[in-house]
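One chain, chain A, appears in both complexes that follow, with chain B as partner in the first and chain C in the second.
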Partner chain A sequence: MSTPSGTQAAAVRASATSLVAGLRAARLPIAILCTLVLFGLIEPRVLSLGNFRNIAIQASYLAIFAMAQTMVILTRGFDLSLGYTVSLVSVAASMAMVAMGGGDAAILWGLGAGILVAALIGLANGLLIAGIGINPLVTTLGMANVVMAFASTVSDGFPVTGLPPGFTAMFAQASVLSIPVPILVAALVFALLFLTLKATRFGRSLYIIGANPRAAVAAGIRTMPVLVVAYMLCSVLIGLGALLLTARTGSGEPNLGGNLTLEAIAAAVVGGVRLSGGEGGVGAAVLGALFITVLSNGMNLVQIDGYLQQICLGVIIIVSLIVSRDVRR
Partner chain B sequence: MLEVTGFTKAFQGVVALDNVDFSLERGEVHALLGENGAGKSTLINLIAGTFPWTEGSCRIGGRPVASLTPQAARENGIAAVFQEFSLVPDLTVLDNLFLGREQSGGFFLKRRQMRQAAVDLLDDLGFHVPLDEKVAFLSRAQKQMVEIAKALRTRPEVLILDEPTASLTDGEAEKLFSAMAVLKGRGVGIIYVSHRMAEIRKLSDRVTVLRGGKKIGTVATAEISDDDLIEMMVGRPVEQLFPKIEQKPGEVRLEVRNLTTADGSVIDASFVARAGEVVGLAGLVGCGRSELCRAVFGLEAVESGTIRLGDKVVERPSPPAMLAANLCYFPADRGSEGLAVMRPARENATMSALRLPSLAAGPVLKFWRENEVIRAPLTELALRPMAPERRVSAFSGGNQQKVMLARGLMKPFDVYLFDEPTVGIDVGAKADVYNLIKRLVEGGACVVVSTSELPELVNLASRIYVMHEGRVVAELGENERSEQQILSHYFGGKA
Partner chain C sequence: MNSTAASTAGTERTPHRVGLLDRFLMQGGIVITFLVIAVVATALIEPRFLNRLNLINMMRNFSFLLIPSLAQMLVMTAGGFDLSVGAVVAIASVVTATVMLVGSGYFPDAGVLLILLSLAAVVGVGVLVGSVNAWLVASFSLSPFMVTLAMMSVLVGIALYFTQGIPIYGVTDTFVSGVGRGQLLGLPVVLWVALAVLAGCIVLQRFTALGRHIYAVGSDERSARLSGVRTGRTLMAAYVLAGVLAALTGFLMTSRLGAGHATIGTTLALETIAAAVIGGVSLRGGVGRAEHVALAALFLAVVANAMNLVQVDSKYQTLVLGAVLIVALAIERLLLRRRQA
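This part shows the complex of A and B:
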């Protein structure tokens, strides 16, 4: 394709490609707006300022979990222990705070304990998957069981109460520059991970490993440490999200994780993170989280039955998988 | 029967096909020859109606046709078999053959009639494919046969075959050729796209050569030599395909002694390679030369033996250690081990260079410098199109190879291991690879080429090691390296 204006033509093609890419990237924002309007027609409260604020706060928790999943989905993995990690972190952090006196001075101990527990779970996942080479599905599913058992045992199955009042005030109710803390934390995590993926060797390695692990090895990328760090990072972020959720509920909940595993994976995949690795980013995870939140918020407000909501969620994941497969052909 | 004039196609401003005339007679096999990116695919896609042409006119059976869609092309008797299969993997062969053209009587499909028609169709072609097998379970060759049978179901007058033998064994190809002869006898015109000179010579009546989107010429196959055809295709004489390499063997850069791999694919192998020379590794596929290269680079577990790089013995070879020690290895299978094809060319070119000072500051990746760093290597290798942001899978085989080879130019390496450097790439890209090797060697690097292409060994290497069943069975020097000499050791004969 040699033309006199080769470079110019290439530039035209590049800008055309980016236009198409731009439209494709706008698919989800458009879907989010449509969903809002659709539910708004049935129930006007959906479109109120107060509800928007609600959606933003709710979405920020899910966004953190979706971004955490993205870190490992990019490498062809996922973390099925997410939900129970949330539960165990919640229980462990709460028990630490209660044990340290339950005053505001104990908050730091709670944060430390929560993050430490999460990091250990991530380390175990990472070593089993990258060190020994066990399939991520089996590893994290097994880990989910272990973590669930821990969470129930240490808490005896009851919520841990008596948390420092400052904990909820600081991490759930406070605002900085009138931005609620959960949104702020999610934004910070986003900025940090965005830079990590774009501007670090670790970030680039995640993509290459996910796109073709054998090629990554042959290119001299040390895949083992990269994967271990990816699973630890994923877990620590899950821990962070768990702490924020604990602050919101005001107690350590052994059942806090609930449907979060599926929702987080769904958010990432709906957003456009490729489930078989190598493609996507944290922006996609955030948009996906927003979409799922808008959807479930709308379904709640128009009073759709809880089980029906679950069915909708499942269908959306499957449809988005099919659509993304077609788009990539 | 089919006549197009002045066909031009531009994709978003890039001209892929430039003012090309092409005609096809009844009962003629007309070959299309050209390198990857020459415009062959564009031309056949225009004729098949995949996308509209930008300029030009088309006559089918004497009637002018204003535009073509896939549907219109079919109605005009044009059928195409492309390299990418259009079959549905989860349906049976029978279902696929009749997909979208099911014969129904009332509500139910006429299964029995469809089955009989399918049997007739396949028998006619001499293809043996189980009708009730799901397509997913077929071999590539069988899929190809189903695809051809499907195209012929509409009784086309023009059949387009896009590299149909690429996935066939010789026996299967023979069947295809005899089927083509039958169709030809019936007056079907066939447009045949292939890289393979022998097939073009055997099958075609005329050849049209394209290069860079332009038509170079149409000639009667019987009246032109292979060499002249290649020259038309690449734009330079065949002798110039292999550059003259000035080899000045200097100090030993790589010395492998008594190397045995853990899986026994390499046994007690020794060789040396010096700065400023090309060393060839010859042998049948599976003789251990690939594994020898992989073991040196640290991709294959070593049981015993030593690897000396420069004046240092490498205790535990691993890819990062070898890259850091200035040894660069290019895998034989770029798809499975060389490239992350869904990622952009840019990322693939820098994949092994993420620790170089030009791109790394501690853990930070200087992504803002990446385009600058890859520009010179990709320009030198003449990547086409020069689109570093395009995903690698969208490039032709030769250009994918160039993306991988660009890694070797990210810094000056002392030793380069090439494993099958030209497998599956077209003649023009081959010449580019040879020129790269020339430049590296003349710049003082040590190059090891493991290849199954004898001409490469004879024309590039100053010394050749022949391997057989994991062992090095012969070393051939400057004066002994003829194709016959090399072949005489292929089956284990000692020198």
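This part shows the complex of A and C:
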């Protein structure tokens, strides 16, 4: 904000304005710290090193889902099929691994099947939304139900057990340079997406399409293939997260997705990814995921009822929508 | 206003010259065609479909879908979205049963009084939820989709926390026998209620200022405001009416089930959006007629009944529902595109 030179009052006002702007920018790290301290006062275990490690691992799964969701929210899109995609990928990958003998050699088949299923869901979403032009919310809501039906019937609704022991060892328990694999994967996804959004034509196209679809067309961006790729990328990342979660539970779970759709959207929105498109990035999604995880971790440790937590999640989404809304209008 | 509208925000409006086929399709022709095909096919494949008992049962389920679908229609024509309908149904069911359970301690033999008391409580819940939704959407210009999604989480959380997932019994017998299982002139009482709501919606849309204002706000909020429509008040009315209708659904479903359940209504958000969309309600607001939505709800009820009769797993029923929704939207888009070309 520019102020007329000279007067002290103007300078004070200017620094006050920049302080407010700074606080606004740092509101999430501050909120995370406050939440940690608050729960730490009630239950000291919250602030232990072991719990920090727990939070980091838990947050890395949610961060992957939130980053996936961000890729389509940037284009004014949405993926409400996220949760059930997680379920279906988990079941499909597990069934593939069991069918291929359940040995460690079957792991690759599981990974391939899981990613393939996810990519197909993303392709279907993308073609319906960008190719035919159906509203993304309703498309993915309909798709969610189609995917749910498959997830809960292909294994007769039962968990798929008998996964290769190496799968859990490799993707849930192992560490590289003493960093647990889930955190490493999340960091890698973050780095790749960050570079994609900042430095590639595809990444910039996502922002332009989200900010102004007609301007994007006028600027010569081929909207349709860009959007299809965005939805496939979103789904494949969801598939990746689903595989990591499956390794953690050690079985293919038809109910694995549960609340994840809402949590991933909450993480992205709380982080500051704008639902009207074109604003925000994967950094925001990661911070949002960290905040949601810190909050639910704290609530778990002080033993707040699970249903109350669900209420809190809804209230937090509404509050952060109000806080981060477009005040320039 | 639809802040999350599809990336292909259109300028299309009704074209100057409309062909006979297009006019048929626009005026509910698709729905009528679907409905006739569904009824004939079901009757041929499974003659039990035409049994009086089965038809009565289907009419009840149709009523339980019609009322919240009309709620969804009101909000969608006003340019909004209501994902919280199912959650309101759940919480209304819990409230109905709780009021009756507690009230029967004070007035053990006054069934009608208890019914009226719980109806009043339920209407209160609907008004409250609807006005909070409208307040958030209108005062902060938030995306109605997100607001009602978050609201859904809150309401389901409250209903489950309060009951811990256990059904509340102790609903008055008069309520179950008189409303839930009751018949009037050979038709279920709940069907009469649903038809009355339908008639009310048709009158609202055709003959009242509020009805016209809802269309105006839904098709273009800014022009509506500039031409003197109180947009905030109109949105409030639409969401409150929707809340009340959803709550009424929960009330009626409780009379059928004989207990208050926090877990009912989970698929209603999808089902009501499907009924509205198949009935020609535009996702961009401003377009939609109650009678077409009713036909669409009847179509969905027939399909669900048919799948029950031939014993299709309920999991596949959601698959069909999701697929029907997507196909209906694809047809709408393709017709629109062809008409523009």
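The rule is simple: the second predicted complex is superposed on the first by the 301 of 329 C-alpha atoms of A that agree within 3 Å, B and C clash if a C-alpha of one lies under 4 Å from a C-alpha of the other, contacts with A are read in each partner's own complex, and residues count from 1 in each chain.
Going forward, contacts are C-beta pairs under 8 Å (C-beta built on N, C-alpha and C of every residue); 3 or more make two chains touch, one makes a residue touch a chain.
These numbers were taken from a predicted model, which means no experiment stands behind them.
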Which of chain B and chain C A:201 touches, first, second, both or neither: first
Touching partner for A:77 - first (chain B), second (chain C), both, neither: second
Partner chain in contact with A:218 - chain B first, chain C second, else both or neither: first
Contacts of A:315 with chain B and chain C, given as first, second, both or neither: second
Which partner reaches more residues of chain A (counting touched residues only), chain B or chain C: C
Partner chain(s) touched by A:99 [first = chain B, second = chain C, both, neither]: neither
Partner chain in contact with A:278 - chain B first, chain C second, else both or neither: first
Chain B and chain C footprints on chain A, overlapping residues: 214
Residue numbers on chain A that touch chain C, as the complex places them: 75-78, 128-130, 132-139, 141-146, 148-150, 152-153, 157, 209, 213-214, 223, 227, 262, 265, 269, 275-276, 305, 307-311, 313-315, 317-318, 321-322, 325-326, 329
Residues on chain C engaged by chain A in the complex (per definition of touch): 3-9, 81, 136, 140-143, 145-147, 149-154, 156-158, 160-161, 164, 267, 269-270, 273-274, 277, 283, 313, 315-316, 318-319, 321-323, 325-326, 329-330, 333-334, 337
Chain A partner contacts - residues on chain B that touch it in the complex: 11-16, 18, 37, 39, 212-213, 297, 299, 319-320, 322-324, 329, 331, 336-343, 347, 351-352, 354-355, 360, 363-367, 384-387, 389-390, 407
Chain B contact footprint on chain A (complex, rising order): 1-3, 6-10, 12-14, 16-17, 198-205, 207-208, 211-212, 214-222, 274, 278-279
